[in-house]
Amino acid sequence: MWYATRASGYTSLLLLSATVAIGLLTSTRTSTREWPRFVVQSVHRDLSLLVVFFLLVHIVTSVLDPFAKLSVIDAVVPFIASYRPLWLGLGVVSIELLIAIIATSLVRQRLSWRTWRIVHLLAYMSWPIAVVHGIGTGSDTKAVWALLLVTVCVLVVVGALVWRLSQIGPRFRALGWAGIATGVAGTVALIAWMAIGPLQPGWAKAAGTPADLLAGSTTRTTNSTPAPVQGLTVGIDDAVQGELAQSQTSVTATMVDTRDRSLTVIVVANADGSGRLSVSRAGTSLCVAPASIGTSVVTANCGAVVVSLQLSTNGAGISGTMTTSRASVTP
Amino acid sequence: MVVRHRLRVDPIKCKAHGMCDELIPERIRMDDWGYPVIDPRVLSPDLVDHARRAVAACPRGALTIAPVGESGARAVPDDPD
Amino acid sequence: MPAITATERLLPDSGAPENLDAHISTFGPRPFVDPPTLLRALDESGLRGRGGAAFPTATKWRAVRDHVNGAGSVVIANAAEREPASDKDRTLLLLRPHLVLDGLEHAAETLGARRAIVYTSRADDDVRRTLQVAITERRRSVDAQVFIEVVTGPNRYVAGEETALIARISGRLAKPRVVPPRPYAYGVDGRPTLVQNVETLAHAALIARHGASWFRSVGTRSTPGTALISMTGAVASPGVFEADATATVADLAERAGGVIGEPGAVLIGGYSGRWVPAATIMDLPIDADALRSAGASIGAGVIAILPVNACGIVETDRVLTYLASETARQCGPCHVGLPALADTFHRVATGRARPAGLDTLTRWSGDVLGRGACQHPDGAARFLISALQVFGSDLRHHLRNGACRYSGEPPLLPIPETEDGWW
């Protein structure tokens, strides 16, 4: 699902850039033999509807995807999401500007032209906001294809802007030059920001990705989802007792804490020397972690808690002591 | 009785965007400065759809379809924009 | 012997301004005339507007009356007189303001007006002051019945246009708007509005006192009563003269001290009027039908005489450039087309154009007709078309040589300085 969000996001950006560029062309009354003015205008309007479609996909998939844990509210109110709030919020702002212009264009007959025009000019802002949103939130930003795509989008729009402003009549010449200068300055600023921000390592964290989603966090294991460690306290020093079961490749010891009979401890020792510890209480898993198997000692790290078992076998039975202590502080 | 219609342009709203003469050249031609010259003849039935499309395409809403005979009397003037 | 008839109607023989007392002693107090009676009198008098359009006055008043509802109407005396060669309204207002104000009060009563306004131009400070004094005099008098306001607009050619002055009075820029709806249906603050030239209102005031037959006792059948004419150009004593429609252009030139030199062409109707060859028009009476047969009309009552030893091309060039700079910049064909016409004409006049330029002038003149919100492009185009007809051979001479032997003469037609604002 996250793929769908990213794909529809980049597609929307491409289509939005095309829409803005063609929109700029309509005001210059540009036309060719194959594309008379009314066709250019129609393409602009139709592209903008396509943008809406892909944005809908983008929003829906981003809310449905469990990764970033976005709610519907986060998609409507900017800057309150838990995932990269500032950069995501910009996306919300951008979409809302687009909704404004689409809505006013649909009821154009009832509005004065001046009102429609003001909304439309504000909607121009949605493009640069969308670009920054995409770069700031995108998990693919550093990828070559993403950089290429964004470069093309920026070149197309800024190019169209320069063309449009170069067509301004003598009365507003100064305004035209100011606009071109702003466009160029904005592009340079964007590149500079990217160099010191999103393209640097550590951007994901700086952008506000929640800690538990960052790669390399201690609760994440290579072959299982993170497990909660509440309920497994330090300072346990209890006798444990249980049974052994053997299979071709491993030995499994299933024991209970004699003092707290609801606490179940299972140790699996594999033939290759690896092992696993599982602790649960009344059916709720408290810890599942790789364990190091010694001759009589089994140790495992359950998050910040070190579990240590001193065991001895007695035929098919196994018993010993379980202690829990605090792990030494790791960087 | 069939109501006959013709095209009318509001000269103050018109800003020479140039969509209309492309969409209904049978009734609109461009002068040397890019502004539309409207042929006041009645719109024949086969032209009505083209006329409506031209009216919808005008970015300023300057083009309208008016009944022939009336001076297009409006009760209230349009917003000057 | 020139047939100059009854002059003491609008303009005092003495030429001296009349205050309220003098006005009442000359004309008597303003009578009350009930609306149907006054409207009938205006109908039978055949009075037409003297602002240039010559629309039947009674018809105009009836149209406003038909649209009046509970909100009342607005009556406006148009004293803007933006036609540069015209001085008649100003003269009338300085000498007999009370006659104009009488007419405005009659209109206010007849049309159920909520507001009565005199609209002047910022350029005519003396007129404004005279009006304020006259209005104050009337307020102090026991008979004061109508509250009259004075509103001032910009010194712009189109600011005297009906919808433009209504816009100014309604608090917007003094620019014309698209009609319909016409002012008699929707004007100031959305109320039915009468916009009437000050000279017309003065005539109405006299008709209210003396009746339709009296009004028709001078003039012609199609153009009864008297009219104020501004005589300018190559005459010894240019000025404003009151005459009736039996007077010829030559008669009026005589009254203005006679033509200096030999008359070559006459510009009749103002800068939105037409050039007519002197031979055609000098002996024509200023009767509407007679003038129409020569393709002209009296318009705003301006007659400018061009002698043979003057350059009609240079005069036309200056007027056209002025008209092109006086667009409200709202309608493409006017604010792009008129400067294009003026520029092309100038290049033809100074010999920097090709012969095809003449065809362009003809084509473009036709192109701008009827394509503005107001009549400004039409006036300029018709003025130019008349120049192309009357000065055709001169124009071809200029095309080849860039000037003629009279191009260096000081120009005759006044071109005012343009103000920038629209307030």
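Read from first to last, the chains carry the letters A, B and C; within each, the first residue is number 1.
Everything below uses one rule, namely that contacts are C-beta pairs under 8 Å (C-beta built on N, C-alpha and C of every residue); 3 or more make two chains touch, one makes a residue touch a chain.
None of these values were measured; they are calculated from a predicted model.
Number of steps on the shortest path from subunit A to subunit C, with steps defined by chain touch: 2.
If each chain is reduced to the average of its C-alpha atoms, the one that sits nearest the average of all protein C-alpha atoms is B.
Chains joined by the most contact pairs: B-C. Rounded to a whole number, the gap between the C-alpha centres of subunit A and subunit C is 75 angstrom. With centres set at the average Cα position, the gap from subunit B to subunit C is 33 Å. Subunit A and subunit B have CA centres that are 52 Å apart. Contacts with at least two other chains are made by residues 16, 34 of subunit B. On subunit C, the positions that touch subunit B within their shared complex are 172, 175, 177-178, 180-181, 185-186, 190, 330-334, 336-337, 340, 364, 367, 371-373. Of all the residues in subunit B, the ones that touch subunit C in their complex are 10-12, 14-16, 31-35, 37, 71-78, 80.
Taken together, the subunit A residues at the contact with subunit B in this complex read 26, 29, 31, 36-38, 41-42, 108-109, 112-114. Subunit B makes touch with subunit A in their complex at residues 13, 16-19, 22-23, 34, 57, 59-61, 79, 81.
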